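Working notes, structure below.
When the chains are written out, they are named A, B, C, D, E, F, G, H, I and J in that same order, and each has its own residue count from 1.
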Amino acid sequence: MNKAEVTEMILAKKKQTGITWASMAEAIGMSEVFTTSACLGMNSMPRDKADKLATHLGLPQEAGPVLAEFPTKMFEQSIPTDPCIYRLYEIVGVYGQTLKELIQEKGGDGIMSAIDFEMYVEKIPDPKGDRIEIKMSGKFLPYKNW
Amino acid sequence: MNKAEVTEMILAKKKQTGITWASMAEAIGMSEVFTTSACLGMNSMPRDKADKLATHLGLPQEAGPVLAEFPTKMFEQSIPTDPCIYRLYEIVGVYGQTLKELIQEKGGDGIMSAIDFEMYVEKIPDPKGDRIEIKMSGKFLPYKNW
Amino acid sequence: MNKAEVTEMILAKKKQTGITWASMAEAIGMSEVFTTSACLGMNSMPRDKADKLATHLGLPQEAGPVLAEFPTKMFEQSIPTDPCIYRLYEIVGVYGQTLKELIQEKGGDGIMSAIDFEMYVEKIPDPKGDRIEIKMSGKFLPYKNW
Amino acid sequence: MNKAEVTEMILAKKKQTGITWASMAEAIGMSEVFTTSACLGMNSMPRDKADKLATHLGLPQEAGPVLAEFPTKMFEQSIPTDPCIYRLYEIVGVYGQTLKELIQEKGGDGIMSAIDFEMYVEKIPDPKGDRIEIKMSGKFLPYKNW
Amino acid sequence: MNKAEVTEMILAKKKQTGITWASMAEAIGMSEVFTTSACLGMNSMPRDKADKLATHLGLPQEAGPVLAEFPTKMFEQSIPTDPCIYRLYEIVGVYGQTLKELIQEKGGDGIMSAIDFEMYVEKIPDPKGDRIEIKMSGKFLPYKNW
Amino acid sequence: MNKAEVTEMILAKKKQTGITWASMAEAIGMSEVFTTSACLGMNSMPRDKADKLATHLGLPQEAGPVLAEFPTKMFEQSIPTDPCIYRLYEIVGVYGQTLKELIQEKGGDGIMSAIDFEMYVEKIPDPKGDRIEIKMSGKFLPYKNW
Amino acid sequence: MNKAEVTEMILAKKKQTGITWASMAEAIGMSEVFTTSACLGMNSMPRDKADKLATHLGLPQEAGPVLAEFPTKMFEQSIPTDPCIYRLYEIVGVYGQTLKELIQEKGGDGIMSAIDFEMYVEKIPDPKGDRIEIKMSGKFLPYKNW
Amino acid sequence: MNKAEVTEMILAKKKQTGITWASMAEAIGMSEVFTTSACLGMNSMPRDKADKLATHLGLPQEAGPVLAEFPTKMFEQSIPTDPCIYRLYEIVGVYGQTLKELIQEKGGDGIMSAIDFEMYVEKIPDPKGDRIEIKMSGKFLPYKNW
Amino acid sequence: MNKAEVTEMILAKKKQTGITWASMAEAIGMSEVFTTSACLGMNSMPRDKADKLATHLGLPQEAGPVLAEFPTKMFEQSIPTDPCIYRLYEIVGVYGQTLKELIQEKGGDGIMSAIDFEMYVEKIPDPKGDRIEIKMSGKFLPYKNW
Amino acid sequence: MNKAEVTEMILAKKKQTGITWASMAEAIGMSEVFTTSACLGMNSMPRDKADKLATHLGLPQEAGPVLAEFPTKMFEQSIPTDPCIYRLYEIVGVYGQTLKELIQEKGGDGIMSAIDFEMYVEKIPDPKGDRIEIKMSGKFLPYKNW
């Protein structure tokens, strides 16, 4: 059993039972974004969380250790085609240099870590049309010199 | 005079005078991210803001209309090399499918707009190492069917 | 059962029975373009339309929910090879900048949405050779500034 | 003097005088899309139209023949980055196979020509948000067999 | 049964029986190039020719309609590796601009159609080494202006 | 003075004087295709032809040796964007495997040379629309085994 | 049975029996390079050599005709990753222009054929470290002009 | 003065004086291939050879040290377009795996060095058409294990 | 049985038994990096080490010779997506030119071999956060001139 | 004055005076690798070090602040062509997965930082041929979960 097979099992359960990512996240006490990304094979859950999720969804027992394995993260294409994901890529293209300028104006020469990192996503009702809010928080890492 | 030339002038003034993006944004009453992105040629400022900024920085008078022109947004490379910008690209690669799942779980089949969109960036002091926080808000657009 | 399998079933039925996209669209009261694109896995039908189509074509019952699932849109290649599709790509290449100029001359800095969007295609008889007419209508989205 | 230089001259005049593509098209009795695309160097105007436009805009006399020269059409990138042009590219990606199905259902094995082709673009006021309408008409060319 | 499967069947018959493309073309009264390209899945035969070929080769009856289906033409790679096909690609690279100059010198701004198109190939005995002759004939399509 | 500069001179003369490729070819007793390709820097003329052409067009004397230099053939892009040249590329994509089958059916395992090669192009009047005819003749080279 | 399957059979025999490429080449009286490349599916053997090899290795009888089929040569990637093959690619990159200069200094405008071509490889003992020697011989083909 | 400028000077001298690569190589007592590649900026000559060549060609005195500088080797494109260089690339594509098999059959797991490497090229007269011979010799490097 | 199958077996054993790369390396008396890379199919083990490892892990007997086979090294993508591997790629991008300058300042025009090469990796405890140390040692190969 | 111009100045001084990277590094009390990479525009020096280096080399006074500016790191090509740099790239390709396995076996799911990172390079004399040693040390960053 590997990560791709566990992802497939979870997606099948999800379609069958109508269970949401939000409720899975709640059941194991982790955030929605992290839970979803681990179920999609892009992160490794702590073993106890992984076992809890496997039990919660009625997956075979071996699924737990697999969810806890360290993934090799592979993204399918350098330029995503799905419109929902492309818009995020476009934001990096249009605002990447801007974010670099502002991060470095605030913190000096360095980066925002994508490893020591967390992210949240919410839908905010709005009379002019609902909005999606994404919040990211990453550790600032200054370039070391030596 | 074109957008690239105005960007160059602004960057030169910035190096000379030490003025920050934050203070430019404050001087014209717009957000840091939008102000920076317009100065880098990736967005068009309303004409009055553009003129105000030109005056504030002591740029030639023609710079105002140029800052108000509609840009053709070009990003240099499909995969960014600068480590600060690459980390953002990596986030889209690692978490893109996750965000799509959660946006669509919350709002149905649709996307977060990158056009009717705003973004903020802050440095948050933290004893274990300062953090960068980025907040995005984009209109949710459901796919139309017809 | 996934979207690719349902597409395959529909294409098989279509070859067997000679049913057209036009008649499928009529049977469920949706447009030809949208109906075809949803059958090819590029859009999600509302559940009731999806079930109606499944019944109309004599597909297994599970096909309905699958047609209603939100797709991850993947296009095979950045430059299409089929001559019929390439011509459309070429139009974007040759006239893309022109359309941008005219859309923005008419509406200001902004875009035509490809999400809040509809499209129709007709063949128009013409003594000098029949013509194909394509009509697109997309919401104009002005760039927000903040 | 080459096509790129004439394009630059026209864009400079346009910025200086505020003249629109619409009025240039009207002055020479051609469509907006074709006029704009020829000014951007992507099509060749008939010589008399070209001379009329040069006079109308006060360009040097040599500009006429240059506008009438046959261009080598080069598009900058296989995947456009400007969001306004990208949306058009995305439409081809998402709906290309659909258009092929429908064009060929209506006309048999063949294509819509991008050469014997015309296109119009309008902004349509709409209380729920204005819309952009694009109409294309291309000759249907059946594949010859021999 | 799909086009790829029919191609495979024809190639298998060809290896078994030693029948040539030339004799298949003769048997159905079509040209060698068109017959071969349709057997390889790159063109659609008229239904009666397709049925005749299926019978001639002793293929199952369903092969006829499949040969008559409209193909989605996909070429494997942008730059072909097989030396025999690469040489053709090289000719387009080395002589493409030349052909454009001469086609447009003779016919005005326009193209040679690859749809309303036919092609023949022969081996011509020559004491200094045999030669291959390829003849192409495509309709001249002038760019429309409007 | 290099090949690119001589090409530019010839194109300028051509625009000024209206001289055609056909008449240049006739003046030096070579074919249109070869003459044009050498003027565009893709082939080397024999020295006497090169000098004759330089004199005929009134180019500076050094242009002769430059036209006789051996070029390094570079084509701008792997997939051509100009529609006139793209159609040729498409023909190779759609019919490449077909031509390979037929060339090798007629001559055994081998290729048509693109070096020991000649090509002609004509416009053929036709009441249903004029046609372009291209004829290629290349030496057949069998693969050596050893 | 196709060329890939025969290659697999030969490689399996080779692993089982420890037979070398050198001895296979000797058994059929052909060169090592050609024999190996034909076994790997990149060349076609004369039918009698192919049958002899099939018998020599104890392959099924159909393997002979398959080894004699004309291959479609496909190389996996434009830039090879295996270090042993990459070094050869690097030699072409570093010395390609040099070889062109020298070939054309010696023979005039033309190329070394890769079709009418043979190649040998040897290991030469050397006290400072053994060396590999590769010898290529290809027919010189002058560019034809016409 | 940099390597590209020195290359340009040498090529200009060569055109002016008709001096050959062969005679330059002889004048400084090095091989043709190495001399040419160093003049084209792909290798560094020993300082004394470099000075001798500069004197021999009547280049300015600074050219010597520049020819002796260590180059950063950049090749223009991953797939060469010039037919003379492409044929070499094709040989690597078609025979790369074959050479790897034979090199490793003779020497064990390892490679032929492209650094501790030499190469010669000759034209060999032949009544059936002259031939080009290329000989390469590179040190065999076994993979170290540790 | 091929290298990919043996890799799969080893990874399965590793998951089942919890055995580490470090202990495998120790059991056969080779370094961790080399052992791991050979198990992943990127290097060939000496036959005795390979057999010892197969026995140690309880793999079928044929696994030994397979581990000793010479691999064809293929890396999946030119730009790695996994963040852990990307960071290494980024180091080459950011510091590649720097390393070249320093290697050649110290050793003259040449390279560090990746074949006659060894590498070690350690985790070093550090109160400010543990560190990873990688040490590489490769033979210096000076460019030969001839 | 920008970073590229300062790099050019430093390289010119270096050629003129023969000063080494090693002595520059020593003069300002920083490591060779960091000093070189900052001089090549890939890192930012602390302001005092930058000024010291500018004085040490006799550069104009504005060079100091430029060396202290935060760079946008751009690497020229995704696959490096220079053999010295390519070998490093190859090491990442061949050993990347191996390093990931070992880093994560030692530290859990995480990466070695390329930001909080230092590197040293030395030439080690060796009777069997000198060796290059590279040592890297980067902070281990565990993936956060939340």
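Convention: a residue touches a chain if its C-beta (ideal position, glycine included) is under 8 Å from a C-beta of that chain, and two chains touch if they have at least 3 such contacts.
Only a predicted model underlies this, so the values are computations on that prediction, with no experimental measurement involved.
Asker: Show which chains lie in contact with subunit G and also with subunit J.
Answerer: A chain counts here if it touches both subunit G and subunit J, which gives H, I.
Asker: Averaging each chain's C-alpha atoms to get its centre, pick out the one most distant from subunit G.
Answerer: Most distant chain from subunit G: B.
Asker: Using mean CA coordinates as chain centres, what's the subunit D-subunit E distance in Å?
Answerer: About 32 Å, centre to centre.
Asker: Using mean CA coordinates as chain centres, what's the subunit C-subunit I distance in Å?
Answerer: Chain centroid spacing, subunit C to subunit I, equals 49 Å.
Asker: Measuring centre to centre with CA averages, how many angstrom lie between subunit C and subunit D?
Answerer: The separation of the two C-alpha centroids amounts to 23 Å.
Asker: If you average the CA atoms of subunit B and of subunit G, how many Å lie between those two points?
Answerer: Averaging C-alpha atoms per chain gives centres 55 Å apart.
Asker: Indicate the residues of subunit E shared as contacts by at least two other chains.
Answerer: Answer for subunit E, listing residues that touch two or more other chains: 33, 43, 72-73, 75, 78-79, 81-83, 90, 93-94, 97, 100, 104, 110-111, 113-117, 141.
Asker: Kindly provide every pair of chains that touch.
Answerer: A-B, A-C, A-D, A-I, A-J, B-C, B-D, B-I, B-J, C-D, C-E, C-F, D-E, D-F, E-F, E-G, E-H, F-G, F-H, G-H, G-I, G-J, H-I, H-J, I-J
Asker: Which residues of subunit A touch subunit D in the complex?
Answerer: Checking each residue of subunit A against subunit D gives 79, 81, 83, 86, 90, 93-94.
Asker: Touching residues of subunit A toward subunit C in the complex: what are they?
Answerer: 15, 76, 79, 81-83
Asker: Which positions of subunit I touch subunit J when the two form their complex?
Answerer: 20-22, 32-33, 36-37, 40, 42-43, 73, 75, 78-80, 82-85, 87-107, 110-114, 116-117, 119, 121-124, 126, 129-141
Asker: Using the touch rule from the top, collect the residues of subunit F that touch subunit G in their complex.
Answerer: 30-31, 33-34, 38, 43-46, 49, 70-72, 97, 100, 104, 108-111, 113, 115-118, 141-146
Asker: Give every residue of subunit D touching subunit F within the complex, in rising order.
Answerer: 65, 69, 72-75, 78, 114-115
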